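Just dropping this structure here.
As written, the chains take the letters A, B, C and D, and residue 1 is the first residue of each chain.
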Amino acid sequence: MSFPTPLRGVIPPVITPLTPSGEVDVPSLRRLTEHLIGAGVHGLFLLGSSGEAAHLTDGRRRTALEAAVETTAGRVPVLAGVIDTTTARVLERAADAVRAGADALVATAPFYTRTHPVEIADHFRRIRSGAGLPLFAYDIPVAVHTKLPRDVVLDLAADGTLAGLKDSSGDEGSLRRLLVELRRRTPDFSVLTGSELTVDGALLAGADGVVPGLGNVDALGYVRLYEAARAGDWAAARAEQDRLAALFSLTDAGDPAVMGAGSSALGAFKAAAHLLGLIDCPATAAPQVPLDAAAVTRVRTHLAEAGLL
Amino acid sequence: MSFPTPLRGVIPPVITPLTPSGEVDVPSLRRLTEHLIGAGVHGLFLLGSSGEAAHLTDGRRRTALEAAVETTAGRVPVLAGVIDTTTARVLERAADAVRAGADALVATAPFYTRTHPVEIADHFRRIRSGAGLPLFAYDIPVAVHTKLPRDVVLDLAADGTLAGLKDSSGDEGSLRRLLVELRRRTPDFSVLTGSELTVDGALLAGADGVVPGLGNVDALGYVRLYEAARAGDWAAARAEQDRLAALFSLTDAGDPAVMGAGSSALGAFKAAAHLLGLIDCPATAAPQVPLDAAAVTRVRTHLAEAGLL
Amino acid sequence: MSFPTPLRGVIPPVITPLTPSGEVDVPSLRRLTEHLIGAGVHGLFLLGSSGEAAHLTDGRRRTALEAAVETTAGRVPVLAGVIDTTTARVLERAADAVRAGADALVATAPFYTRTHPVEIADHFRRIRSGAGLPLFAYDIPVAVHTKLPRDVVLDLAADGTLAGLKDSSGDEGSLRRLLVELRRRTPDFSVLTGSELTVDGALLAGADGVVPGLGNVDALGYVRLYEAARAGDWAAARAEQDRLAALFSLTDAGDPAVMGAGSSALGAFKAAAHLLGLIDCPATAAPQVPLDAAAVTRVRTHLAEAGLL
Amino acid sequence: MSFPTPLRGVIPPVITPLTPSGEVDVPSLRRLTEHLIGAGVHGLFLLGSSGEAAHLTDGRRRTALEAAVETTAGRVPVLAGVIDTTTARVLERAADAVRAGADALVATAPFYTRTHPVEIADHFRRIRSGAGLPLFAYDIPVAVHTKLPRDVVLDLAADGTLAGLKDSSGDEGSLRRLLVELRRRTPDFSVLTGSELTVDGALLAGADGVVPGLGNVDALGYVRLYEAARAGDWAAARAEQDRLAALFSLTDAGDPAVMGAGSSALGAFKAAAHLLGLIDCPATAAPQVPLDAAAVTRVRTHLAEAGLL
């Protein structure tokens, strides 16, 4: 397939189903992939934060990506996260993704090291030229502890390094300023918000789509939200977003005294997908703390309240 | 006047015009107040961050508030910031504001000290009972370095401590979850966003209004944006917001090598108000660095591009 | 008295005893002041963070400072914190401190606002020229959220703006680099560490003294530590510091589930001073959460283990 | 060799010499290794932050570690960093290090993901049991954005999971409290400071040794500092540390307008090692910005002032 320019729509960051022993559960991943495509999503993003990329060995990353690409069979684009600390390591992840058949790559700024905007720009340029696939920048300060400067994104959009941006910064004001600038300069650049609670506002502001972790749980809801926005029916878009925002409370299912917010959110997505029959096992990768029975009950309640059970 | 429940609309955080020697320029403040009311704003917020409250002595704060209250003469509600480090000091600021005739108070969480959510809640309860006016919580982590927890806001809304929230946290996802909860529980609670670049999305999400620093420069624009949103004309609201987001670039007028972002933004608001004839002198309080001539030229260009000159 | 150049020794940041209703307990403050001077401290720092300055109204600050100055009667220098958000407000606090008879002032960088190093330097210069007393910079990023840049301190030392630095940044590496530079350039500049757990190392590195919150509880211990270091008996200095570091665990007495770290630490200092008979009432200012009986028992145990009961 | 319990002394975090094309320069690494051992260091730490581990592919990490182990030939222990995001990936790095002949492993808390203390403890336990070598925790919040909680370190020391700690947190107060506790409970636990500017104070406080990045430039200086401290000659230790603190200014050689602090520091270490004839090429890994000629001149000046040229 030729890669859409710009990429638009709902592109869930696909969770990576695991077996109890921590291996990739390929049959569950295939089933989930089919389910998402069936729900009408416009692309799939494998090996992102919701995909537990930071927890997966390179081998498991390859296994998951290959399975998703094969199952997808070109029906929608498959974007592959190439999450690693710096350029040389990312280029190895990128080579793996190219071999596995990904349609585009998604890379963050360097992390673990301290970086300067000049270095961040160089990092993306080297990945783009080294890997040979459309490249999305993944702005996720909660993980990499650097906010992508607007000027860097604009420069990399203008010179063709980046095909788009997945903005998980939560900084909607900065995103708005970026959107206003991009529209003037590079209208084919794709802006996808990773902020799954403000998708109606982001689409109203001109974003092209959304990469919602919660889309693993309610892909149909996000597709409806996107379609309503495309049709200009903002009241419907807002109502759908409100329902999804209430559903998002399932990410607080875990007890903050015994686990991190990441364990709780990811555990809840997987517990929900398991309760919905989309995957066989809700396990998250160690050392994340699994949800206990009470937490799973809270997840079930949220699913029921959202009309999903 | 009886205080609106909930307070709705455009409530600019009024800049405090200063003389070259740093005193409050009362005639300019009266002129600006008239201008804003004439533009159709629904309230005025004095002594907030845009009002340089942190830079004003208690005497200057009183002078500014009294002048604004007198000029307003009950045509719209006047909210007064009572910015100080902790409860006992805030209560003194609140007593001043009551004497000056404010209609409501706006207080932050404690700052300088490190606080716990239990202490933050107690802080607001003591201010409410001690001051006797409707109280708004001002969530501004960039200044106080604490994000108001959603649960604290919900509790203080439910028990009547707070009449509303001015959310300058920039955390639109958390705001959305709060709005969904508040609507179920306390629909009279007023949620005002301080994020002036995403007002269309915030109103779509159910916020009641906006406290835009940029409203000192283009109050009419924010009123048009608000009215379009109230009418359900989201395309018009978005277009107005886009224009205002472009105009907001004036806050970058200052050279980051020689001044802070705060000096640049506040200097730009005042330079713009001066260029528009709303105030006599663009001075900001020391030790903020004043804009140089090149920066003022950049501000002028932005005003022209936005159709304001 | 003429102010020592440089100021050296143990200068406790004196807690402000309060009555149950939150007023300054003047008799207790006089008793505590006598006790500290009797223990051999080399100065007193009133209205710092340990003095709950952020919680005291201007009137209470004046009351406390006047009492301490009067009781001290020139036996040791009295430094006064002038903690407020920005320059104009700090100058009012400074005028109060001058009237109360302080020997020197201690000011932080601006807070609540965002500042640039140029603005920070200008802030200190205006305070120094406006107040007319020796001025110490108070580097306390945990409160003001800005680390004083080394270059700014060096410039302000060189031009005579600052008489010294109270370094509560906890950044001992930066402090070492500063000490090496200062010794070359301005040997009369006083460097006081506020890091009460590493005083032996700081004195070894060339610091002139210490401002230990824990000195309210064990002033004799800090005086012994200082004297051992002055005598070059580093083994004795280290042993004393180890004992004091163990005693410092009393600051964890409070339950982190129901109060902030600040409430716990300040509550523990006051509980200890109360148990030692130095003050009449252990109350801290609202909205800080008071220690419960179990926490006070923990404080008592630490005092006993340190040989203070 | 049997691994020392506790490990003591100077253990430089060895830089990884690179060729202009970014490959490991094995001959230079062997020469540097010989130089360091000849200077009397007590161990070598490969693949740490100073070793640019975050910039090296797994293959390059293996090449560097194997070369260092072979050259060292058991004369001193070789510690290997196993820097990766989470447990499963770290275990692969650990397996590589075991195969290469490392004597001990050094692992950080998880990064990129958000973690809870319970998860951090589980992470280290899984690495210890999975890899079968003595394990050091690497506390480096500037890179992983988590400070290792004291209680977690104490628990992992007590149950034998950790053989030691490399503390690059810069939090000397917390380190002192840890040292006081460890001495009571687990005296064989090795505490190594990574804060190369406060080694005299850390050794006075009871730390067992130091992992100084600057030791790549002046290993003899750190060995002298360590030996003076062991001999109780604190005046000599301090003087040596002062000289090294002044030398450390070479890390500021790079222009902060065009490169990050990491690029500047690492570039300066490598430029210095190159000027001293220890390595053939000063290149750092992309996308780090190389030092320009003026910066290299500044490095040379610092070397000369420290008596190294």
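By our rule, a contact is a pair of C-beta atoms (placed from the backbone, for glycine too) under 8 Å apart; a residue touches a chain by one contact, two chains touch by 3 or more.
Only a predicted model underlies this, so the values are computations on that prediction, with no experimental measurement involved.
Participant: Where the centre means the average of the CA atoms, what chain is farthest from chain B?
Facilitator: So the farthest one, by centre of C-alpha atoms, is D.
Participant: Do chain B and chain C face each other with the same patch, meaning over half of the contact numbers show up on both, or with different patches?
Facilitator: Mostly the same residues.
Participant: To bring chain A onto chain D by a C-alpha fit, how many degrees must it turn, rounded to the nearest 5?
Facilitator: 180
Participant: Could you please state the distance in Å, as a whole number, between where the Cα atoms of chain C are centred and where those of chain D are centred?
Facilitator: Whole-Å distance between the two chain centres: 35.
Participant: Provide the C-alpha centroid distance between chain B and chain D, rounded to the nearest whole angstrom.
Facilitator: 49
Participant: Can the chain contact pattern be summarised as a line, a ring, a star, a complete graph, or none of these (other)?
Facilitator: Its topology is that of a ring.
Participant: Could you please write down every pair of chains that are in touch?
Facilitator: Between chains, contact exists in these pairs: A-B, A-D, B-C, C-D.
Participant: Touching residues of chain A toward chain B in the complex: what are they?
Facilitator: Residues of chain A touching chain B: 170-173, 176-177, 180, 195-198, 200-202, 204-206, 232, 234-235, 237-238, 241-242, 245-246, 248-249.
Participant: Write out the stretch or stretches of chain C touching chain B in their complex.
Facilitator: Result: residues 22, 49, 54-58, 60, 83, 85-89, 92, 110-116, 118-120, 122-123, 126, 142-145, 258-263, 285-289 of chain C touch chain B.
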